[in-house]
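Next come two complexes built around chain A: one with chain B, the other with chain C.
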Partner chain A sequence: MIDRRDFLKFTGLTAFTALFGGCEKLSRTIVPFVIPPENYVLGEALWYATACRMCPAGCGTLVRISEGRAKKIEGNPKHPVNRGKLCARGQAALQGLYHPERLRQPMKLAGARGSGSYTPITWPEALAILMPHLAKIRSEAPESLLMLSGRMRGHANVVADRFMKGFGSPNRVSWEPLGHDAQLAASEAIYGIRDLPEYDLANARYALSFGGDFLETGLSPVHFGRAYGAMRQGRETVRGKLVHFGSRFSMTSANADVYFPVAPGTEGLAALAIAHVLLRDKLLPQAAGGGVWDGGLKEITPEAVSRRTGLPPSAFVETARELAGNRPAIALAGTGPATMGNGTYNLSCVALLNALAGNYGTPGGISFPDRRATLSRFGGDAQLIAPAPESGHGALRAATDRMRKGAFRVALLLEPSNPAFALPPAFRFEEALGHVPFIAAMAPFIDETTAHADLILPTSHFLESWGDDFAPMGHAGNAITLMQPVISVYHDTRAIPDILLAAARELGGPLASALPAGNFREYLANAYAGMEIPFEQALQEGGYFRMKPGPLRPLPKDAGHSMPKASEPAFAGSPDRYPFVLRLYPSNSLLDGRHANLPWLQELPDPLTTAVWRNWVEINPDTALKLGIAEGDGVAVASPAGTIRAHAVLHPGLAPDVVAMPLGQGHGRYGKFAGGRGENPFTLLPDATDAGSGSPAWQSTRVALSKVALKGRLVRFGFPEGQWKPDQFIA
Partner chain B sequence: MSHGGGHKWGMAIDLDRCTGCNACMVACSAENNVPITSEDQAGKGRLMHWIRVNRYWQSGWPRPESVHIPVPCMHCGKAPCEPVCPVYATYHNEENLNAMVYNRCVGTRYCANNCPYSVRVFNWFDNKWEGPLDEQLNPDLSVRSRGVMEKCTFCIQRIRRAKEQASTENRALRDGEVVPACVQTCPPGALLFGDLNDPDSEVSRAVRNLRRFRLMEHLGTEPSVTYLKRVKGGGT
Partner chain C sequence: MNRPILLAVLLSLFAATAFPPGEASALSGQPVPFSHKTHVAGNGIDCRFCHIYATRSASAGIPSVAKCMSCHRVVAAGNPSVKLVARAADEKRAIAWNRVAKLPDHVYFPHHKMVNAGVPCLFCHPGVDQAVETVQKRAFTMGWCMACHRQRGVSIDCWTCHK
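On to the complex of A and B.
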């Protein structure tokens, strides 16, 4: 509360600061606004529509605003991706907005690179450092500018692209560890369309998941979560069945009716064995597939696959019969098999099973909706506005090599997806950054990557920013999502497109004429001028959702499918020295580590282990007994690339020769909520990729386990009515 | 929707839809000013979540099976927590809610001790929201102070808001108008909320489902939360 004296004091101050600028700094300490907006009633909340950027799925949201502050995020009921629903990560975006460690003003490096020691400076001071660097290399060697960002979408991506083209540098890299390269490559190989399919899970009677993680961290968790509920209980007389083949017992497998454990990397083979039975026994008369049968499917018998996967042949025969008897049926694959050394092969096999089972274009099947009608209005920019959801891993590797050779004099890091944290040490990304003389980052936080910058410009949160978004998958891709600042900028931050527009204006010349808009809002409003719904109205609704769904795209390769080229998973380390395959998976709350600084998500129990605030290593209880490891013991996990320590979780769902760890923890420079919470599993990995698509292979090493003394303990949420007792499962 | 006798709020949780994704937990924390604790406090069993998702292992390798069960306050018809409160801080209101009067609570913790579902959480400290995280706090309800017990309220502030809205528009509450934060966000639609006095409400129809059961029903607590059993499809 403020008393009368304070009130007068502040009123005076407000008058002063209004004259000399910077009044937002004061206002936030008392009331959010001195002159409230017209539609504001004290005590009544307002809701504004925008988009969620916590993962690449692209959900639409409504944000509850009370007295100028964001209070609660809910899904936008009109949005085609999530229909009013939202996941735990999306709910937690508010903590990113109001994070105590968010950068409040530009920061200048005050120590060694990577030390995280910075001095706060003003925007004019920051631009006085950045602009001469840019001006100098533009006149001398414009191609020595590197721009590294996360995967950007919408017109923000257009602005970034125009900036680099106008500057004269082709060196733009977008890197997103949660890319779907293997799925794209598989779609291209089997269907001839390089896109993510839409899976109509809600209308399927039978769903086959091959290492699928679609309920927790896959393509679009809320989209699939909704569809899953409808598949199970949304129909009066039908309950869809979910059968899961996988090498790790995940949240999605926990929801399956039947779980078939397979050896890591053989998920694709399992799909082929089912396809083999479908054709061999003529279970689906329409599934001709002559070319595939003679092209190699003939040899993939259940017996042959049984030896590789560790499952009895009957598993494939029975599954094939169930699939044939319960149409429509679909097959889905997930992050696990996609991030193997043979990821594209695994996903191609699953896509082939869908194709042979005649699942294309049917309700309860898969489809590639035609988005070209929606995107045609953007002309040549369509590829920038709705880019393929790739990881950009190959481009990052090339850029890293060139960094080392001194090709870049200035690097701009635009909210990069933390490559210094989420890459294996052998990639040597951090070392390569050291060869760039000047690095400027635009980011909301200091993390392992931005800590290498000489200058950090603080960026606005997505809830404070203008923008537009295109969900990467399915029918939702026909909708345009608009983003608006739901609150005014809270700290002295700016959005990336606005920084780039201002820089372009200052650098002048062709760059300024390529980006003529004064600010990004104006740029957006121009881009959407002339739509059938006025821009302001679309903003209110959250975007343009009433687009007619396009027709399905015809399949170029529908007639003659070919067998995917056989490919084996590769695991570093010899089985006798490193007896266990390491399965790494994105955490349900922290993903690859990008949300590790949000306390709500740190304190959110893992769905299967119920552990909080720290990472762990999952070990089969029998294996642990043989190694003398008990629940909660310290364990050293050693791979050929490195060793980390973590607490043991005896996991009854895991195979005896597999150990699993969640990604996300082990941060050194991501603030106090993320720091000191275990060690980083990415450091165990070799620099390996999926052979078919070049995306990072997280399932690429074997490890050895040994008991070690480890400080602290792993806290499990548990529950008082009773917890799983280890001895129950030890024979 | 015409029925006498006011409202009787109840929830149905379809375990065949629940995926265990925990979205309800964060939605609840955001809506109800539930504090975060710390690793240290969590290790002492002092996590403050008002709704939790229990995971039970049913069998292990090579046929592992587990089930997730979201557990909010059951708002028992005969609540074991109520008769043991010496100061009437926890009481039963006329709409079948098991309600808390925070400023009556003296922190005996008898209620938590007597709750078979362990859904009550205690403020061992004055929980601080480090600025500016406090900007997120919901103005519709208080931040509880040290020594006070708290728990799920079925988002009573949302019930009130919906009633006020209905009364401004001079009409009765519609089914589905009152939506607690957990129910609102649940991606697979596992949670349902509504008026059990209205025989046509979605929740009333759900609790007549043959898969219904209630947690620890044998205790005679008459929970207002009805679960619908998970179905397990056959197979090898």
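On to the complex of A and C.
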């Protein structure tokens, strides 16, 4: 027999070797390139410049390529928007590229629509299905073609537009859930310019944020993160101050020096009360507010607004005095107030405060750079290349109504922004899709919307595609970003403009002559031929950043501003039955849910609650105590439209009559990483819109809470119970 | 059960864990029969004509399909092995070659340092020029590396190779 000592020796030895046996040996095969890239040296990384498409901000990126594979994404130091920085969402783009659920070849519907049951087919087979449909309606009724896309910018947008014009159909809808309809309407109302303003946060000494989310999910988070850092620490003797008025304690408000909690939907009123004090006390002698003062601002006293917002009048008086004493001062509004029933009103009030404070065109203020001047050489296409060309929520609603009436025989869904998920059920988008006889989707994944397609053409990832982009914010209106494939196409996929160009060629006639290029790269190179910088050099740098910026756009309404038309936020449900206002916000990592299939972003802790992989409902600790709800308990959130369940997160920064939930979770058909993680808060909403712009109102319902049993638990990184004492916050 | 048998059982278990089967089989049989003898001894092609990264990179590199086809589009185009490569080129498909020369993961071996210092390729890869089927003839043991490093008076610091 072996004794105990020997036995232990051998056990140890076996365990040791088992451990090392587990280490991956050198791979047994070596796979050299088919065609190696130019200037390539084995083992040395190559960096290619391109643009990020993970959110609408349009940052420039550099991608590290090693042996033909994209390994890491960094910010492009030359790009004016992000100056070498990049956020977590941008970093996670790699997972989208290598995602195991990406469509690898065209798919034909094999079951009922929406079932997600598809058979793989080849590209020739797929085009043999699609092209006869297009050819038939083109000769019979070209206007019965609908093209629904997500946000498209640059020449991809030009190709899509020309395709539809050449086809003879005016029915092109480009819809983005994180659209800027309310901001555009507010700019138009106050300044007479329908455009997104440029905010010079970096040079401001004082910043007022009205429900702003510019540090996490707003217009251009990386740009604003950098600008915020410069405002705080970029100057030797000045440390800019940030004051936040909002209805939820967000990451931006956590970074503010002062946080004023206001009732949801009263952010605009708070801005007006500050403007009232500025004019009443003549704090800014140069402020020309005559028409506005008599037009209604006179009545919006701090006392009157105090009752509505829940803040003491002194808050507005003190803020106005600080603002006047710390010029330049800037006011910014965010997604929260923009997605109210009175979103345009809120944003108009903030824009008016900027206008009255004389912030237009000054350093540390706001401006409208003449972006079209940069793009003027593109003539009629300039408008299509510039930011915010999307047709807005109203156009989607009109198209959905017409779908129901049978106006469309073929629908092309071009990487649609998942309207079947990101719209309330009362919008009945899926039901409307059922009235279209043939639906072809071009998308990289099967999701709730593309699962309704009869045919899915797999599209290439943006890291595999040619393109150009024009960032909506963060530069003087003079930066064109170029995109190039940083790796060769990984699966049997094609880019949307290439599919459209090929389809145009096959359909022939005026359509083919409107889109003459053989492929999108050629189209792009032709478009940029003759620019100041050669195309190849611009590709190397990531774009054209050296062009002289144009002058600021003159304000047509510079002489006198008018008061925004008063508008109240509307909330579905009676306060007796549904005592809490529901505050929905885009998740810091998943946004509206488009990134829910990326595990890196699922496991990225929310900056305030540190929760991962699920959604939750934020409740004031006082309210939770009254309802008998403890940290992590299951809670049923019921609105007149529906009920969902989520885990409770007690959040002392939230008003007692408000509960907040992040968007993004609750997918039914978006793969295994997105599926089965919480329930979809969009299903709680009525089909409500902002009165001023028609954009979707996410803050539009009241809810009731009750405790329910919920399987599993919410995983959180922090130790929330240890961070604050409940009795500290209970009056 | 007596002690030697038990020891043998345990040792074989250990061996099975430490040296999983399949290593040996991977050495032989390449996806395309390739003769170094034909290319090097027969036609006098320099090693670095195909292994182009040997002077520039830690890894000497295996030639790309395009590299093979730069000659074989014309030369010996009818050869059945060449046809396999031609088909891969047409389909733009990479060829997965089986690894022949093996070094443990914990050794850093920069080809370009050796080649640029004038160490002939055949010093470490003896007989490759005559090989119809490529095999590793030299065992890359630490003692053998050290002997040469000592003889040439170059670094024998641990971190030179183990990093």
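As a convention for this text, the second predicted complex is superposed on the first by the 679 of 731 C-alpha atoms of A that agree within 3 Å, B and C clash if a C-alpha of one lies under 4 Å from a C-alpha of the other, contacts with A are read in each partner's own complex, and residues count from 1 in each chain.
Keep this in mind: a residue touches a chain if its C-beta (ideal position, glycine included) is under 8 Å from a C-beta of that chain, and two chains touch if they have at least 3 such contacts.
This is a predicted model, so every value here is computed, not measured.
Of the two partner chains, neither chain B nor chain C is touched by A:G268.
Contacts of A:W613 after superposition: chain B is touched, whereas chain C is not reached.
In the superposed model, more residues of chain A are touched by B than by the other of chain B and chain C. Once the two complexes are laid over each other on the shared chain, residue contacts for A:K72 go to chain B alone; chain C is not touched.
Once chain A of one complex is fitted onto chain A of the other, the partner contacts of A:G154 are absent, as it touches neither chain B nor chain C. Within the superposed three-chain model, A:G211 lies out of touch with both chain B and chain C [touch as defined at top]. In the superposition on chain A, A:Y228 makes contact with chain B only, while chain C stays out of contact range. Touch criterion not met for A:G60: it reaches neither chain B nor chain C. On chain A, the patch touched by chain B and the patch touched by chain C overlap at residues 28, 43. Note for the complex: chain B touches chain A at residues 14, 16-17, 19-23, 25-27, 29-31, 36-39, 42-43, 45, 47, 52-57, 59-68, 71, 116-118, 130-139, 181, 184-190, 228, 231-236. Remark: chain A residues 28, 43, 66-67, 69-75, 82, 84-92, 94-95, 97-100, 215-216, 221-222, 225-226, 228-230, 232-234, 239, 241-243, 249, 251-255, 257-259, 261, 314-315, 318, 322, 490, 588-589, 599-605, 607-608, 610, 612-614, 620-622, 652-656, 677, 712-713, 715, 717-721, 724, 728-729 touch chain B in the complex. Those residues of chain C that touch chain A in the shared complex are 1, 3, 6-7, 10, 13-14, 17-18, 20, 22, 26, 53, 56-59, 61-67, 88-89, 92-99, 102-103, 105.
On chain A, the positions that touch chain C within their shared complex are 1-2, 10, 13-14, 17-18, 20-21, 23, 25-36, 41-44.
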